[in-house]
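Shared between the two complexes below is subunit A, which pairs with subunit B and subunit C, respectively.
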Partner chain A sequence: MIFDVNVIFDQLPAILRGAGVTILLWIAATIGGAFFGFLVAVGRRYGGRLVNLPLGFCVEILRGTPFLIQIFLLYYGGPFIGLALDPVPAGLMGLTVYGAAYYSEIFRSGFAAIPVGHIEAAQCVGLTQGQIIRRILLPEMTMLVLPPSVNMAVIILKETAILSIITVPELTLTVSAIGSQQYAFVESLFLLALIYWALVEAAGRLGHLAETRLSRYRFSQS
Partner chain B sequence: MSLPAIAVKNLVKQFGETTVLHGIDLDIPQGKVSCLIGPSGSGKSTLLRCMAFLEEATRGTITIDGEVLGFSESAQGVRERLPAATNRAIRSRIGMVFQQFNLWPHMTALGNVSEALKTVHKMSRKDAEDLAMAQLVKVGLESRAGHYPAQLSGGQQQRVAIARALALKPKIMLFDEPTSSLDPELTGEVLNVMRDLAAEGMTMVVVSHEIGFAATVGQQISFLDQGKLLFTGAPSDVFRKPRNPRLEQFLDTYLDRGASMLV
Partner chain C sequence: MSLKLFELLLKASLYTIGISLISILIGFAIAILLSGAMLSGRKFFSAPAQIFISFFRGVPLLVQLLLIYNLLPVIGINVPSIVAAIVGLSLCTAAYQAENLRGGFASVPRGLIESAEMVGFTPGQAFRRIKVPIALRLTFPALVNEAILILKASSLVSVVGIVELTRMAQDLAGSTFLPLEIFASAGLIYLVINLVVARAGGLIERSLPGIPR
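What follows is the complex of A and B.
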């Protein structure tokens, strides 16, 4: 087999479309996952046992099973419980829920890592529960959870490739389809790896930039 | 006698099965400096934290300026939690200073001091910062207004924490070992700020191992041992002629360490 780069250039518009779908799914699932993950973490912290236990159970199941199985179950099993979704919504929903489970754990440990005294100081000057979450916990947590959050965003990006098995027209599906039509499997796999790597690298840089900006108020010894 | 600033009545605090405070009765007089001394683990912090409603008492009441804080208790001992807004309002008369400073690391010194003025008292950013700046001037830190806690020494952080509490114009200031986590050379600057405050007539309750401070600034000394209040009196009674054997023993450990010239 000859490594033929031209095959890929001919198909560039299709590949870019696939990459666009991947990036959109990635961003939407990461933001959605972080958002719902935060709600889950807050619910588990303040909602009492009746909220904490069932949510904790769901999180454990989501974290304890492969994403591949989850997305199969959602897409092919969903119709049995009246949840017949098209590939793209199913993929987005699956990925968001999966991300939310992990993000909730990131936020939970972020909450736990904030010294209780910082909250007590806020109570003493009269801040309400909501104000404490918004003004103290959230910003303090941001710098604690930034590194694991960027990490999770990268994992979500790589998991988007799995959505190809439920025919979401994202990058992996697009490129491997081109590869098999043109008999250029190696070229297409190589290109895929390259694009994912570039995206991961970009995400890492962005995260690093944010960390540097926040580092000026690192925790002191107390 | 006028109404006490804080009246503690039959206060019992249990953590699970362990009783940490065994029915404390204590009046904190208005406009004076009251010191709580006692061995480590005797319940000083717990008592102070109950006064700030950071701990919920198991039994008994805390009254601030004649108003009950936290839980009301009927003669039959039925306890009822008071509304959160009521407790917030009563607690706003109290400023609390912690051993660990507890400044918020993502805000500058000025941000820490002005935060509650903005979010709780809904002051404009400018008014809040002007008032906060005045408090920083008072503790001698106007030049550090833009610094983050991580950029300040322990003594400076504690002075910012004091300014943060003072900005809300409290009538009572509680201090829980404010100098215990400071390097020895930094305790002076914090104690000086506290002395100034005492001279202005602020009602203060100070938990401290600084026996010298208690002896020179304190006007009422309470000795706590194993969750019981063994003695409350004037400094001269405590330090010159201690009659209680446990108190004597406790003070000896300090006098041994050369604190005698301070007394």
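What follows is the complex of A and C.
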């Protein structure tokens, strides 16, 4: 086997473009997923049964089926219900909805884990409802949900690779296309694996950094 | 959508279940070796295990599968694609399961081992009779979780040409022009399999003895 790295490095601009698409999709889907996930969690907590049950049903379906099936349903099934999307918007939408389901569960357990005593104590010293949410619930929850949120962001980064199957021009599609043009499949896949590995490691380190920086806001339990 | 199509999907789902089950078992065996290497306290063993785990947890499974599928023939190993798929899934789940096992072994209460040695267990006996069963008991929920993740992740072996549930759905959707019905049915089958696994896991967990503290 001839391991020729040069064929890959001639294509550096294209690879960087693919990496850019991957990173943009990742950031957009993570922010969107966390945002909608938060809304779902709030809706399920304060919306009563009529909101909680259907939302819970949707979350279970999204968490119980493979992402690949969801994206096929959206991309190939969408046009039959008047939702004909190009690969990039379909991929972004699918990934956001998928992320929102998981983030809603993270936030839900975050809400549930805040000790009632803290809220009661805040009420006793005369804080308003708005102050309680801003000053007690949000900072305490941030610390609780940060580790699983970072974890989920990393999962979303890895799931972006699946979007190559519906021809989103991200990193995996770009690099494997170069590989088959140049007959350097194994080299290009190794490079691809290394790029993802570096991205995931970097994201994990950043997450840990954020955790240590924010840990001064950590409240003692009970 | 006819019943015949649904039957084809159900048959294909047996491949999904089989591939996942085999991969989880092989992955568990590899994970025991990996977690042993990590807990050995010797850099010579723990460093490579650490790199293995970091790599297989850091690279998308799709990329791992493509890499293994294309790499094996190049280095002279000609195996059917289903073997490449199982190798890929096994290595990936091994990395995750090793992390679980390491955590389980690390959280066996120290006092239990000490009291076992106090009543005359040799260190080997204490390991076999106390540490291993408690660690396995502690990691059981994580194992069920991993089984569900692998059942879902096995949909990716469709890209290396294995006709399991996802690939069958893709083929049928292409030939019948009923993608909505077919992908929804495939999703439903995955959902039912996962619910059954989760429920069975919960039942088994409740029948297991409690965790001593």
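We take it that the second predicted complex is superposed on the first by the 211 of 222 C-alpha atoms of A that agree within 3 Å, B and C clash if a C-alpha of one lies under 4 Å from a C-alpha of the other, contacts with A are read in each partner's own complex, and residues count from 1 in each chain.
In this section, contacts are C-beta pairs under 8 Å (C-beta built on N, C-alpha and C of every residue); 3 or more make two chains touch, one makes a residue touch a chain.
Quick caveat: nothing in here was measured; it's all calculated off a predicted structure.
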First (subunit B), second (subunit C), both or neither touched by A:Leu68: second
Touched partner set for A:Ile81, first subunit B, second subunit C, both or neither: second
Touched partner set for A:Ile162, first subunit B, second subunit C, both or neither: second
Per-residue touch tally on subunit A - higher for subunit B or for subunit C: C
Which superposed partner A:Val186 touches (first subunit B, second subunit C, both, neither): second
First, second, both or neither for A:Ser176, with subunit B first and subunit C second: second
Touching partner for A:Arg135 - first (subunit B), second (subunit C), both, neither: first
Partner chain in contact with A:Gln123 - subunit B first, subunit C second, else both or neither: first
First, second, both or neither for A:Arg213, with subunit B first and subunit C second: neither
Interface residues of subunit A shared between complexes with subunit B and subunit C: none
Subunit C contact footprint on subunit A (complex, rising order): 1, 60-61, 64-70, 72-73, 76-77, 80-81, 158-162, 164-165, 172, 176, 185-186, 189-190, 192-193, 196-197, 200-201
Of all residues in subunit A, those that touch subunit B in their complex: 115, 117-118, 120-128, 131, 135-136, 139-140, 142-143, 216-220, 222
Residues of subunit B that touch subunit A when the two form their complex: 52, 54, 88, 91-92, 94-96, 98, 100-107, 115-116, 119-120, 148-150, 152, 154, 157, 161, 164-165, 168, 181
Residue ranges of subunit C in contact with subunit A within the complex: 54-55, 57-64, 66-67, 70-71, 74-75, 148, 152-156, 158-159, 166, 169-170, 173, 179-180, 183-184, 186-187, 190-191, 194-195
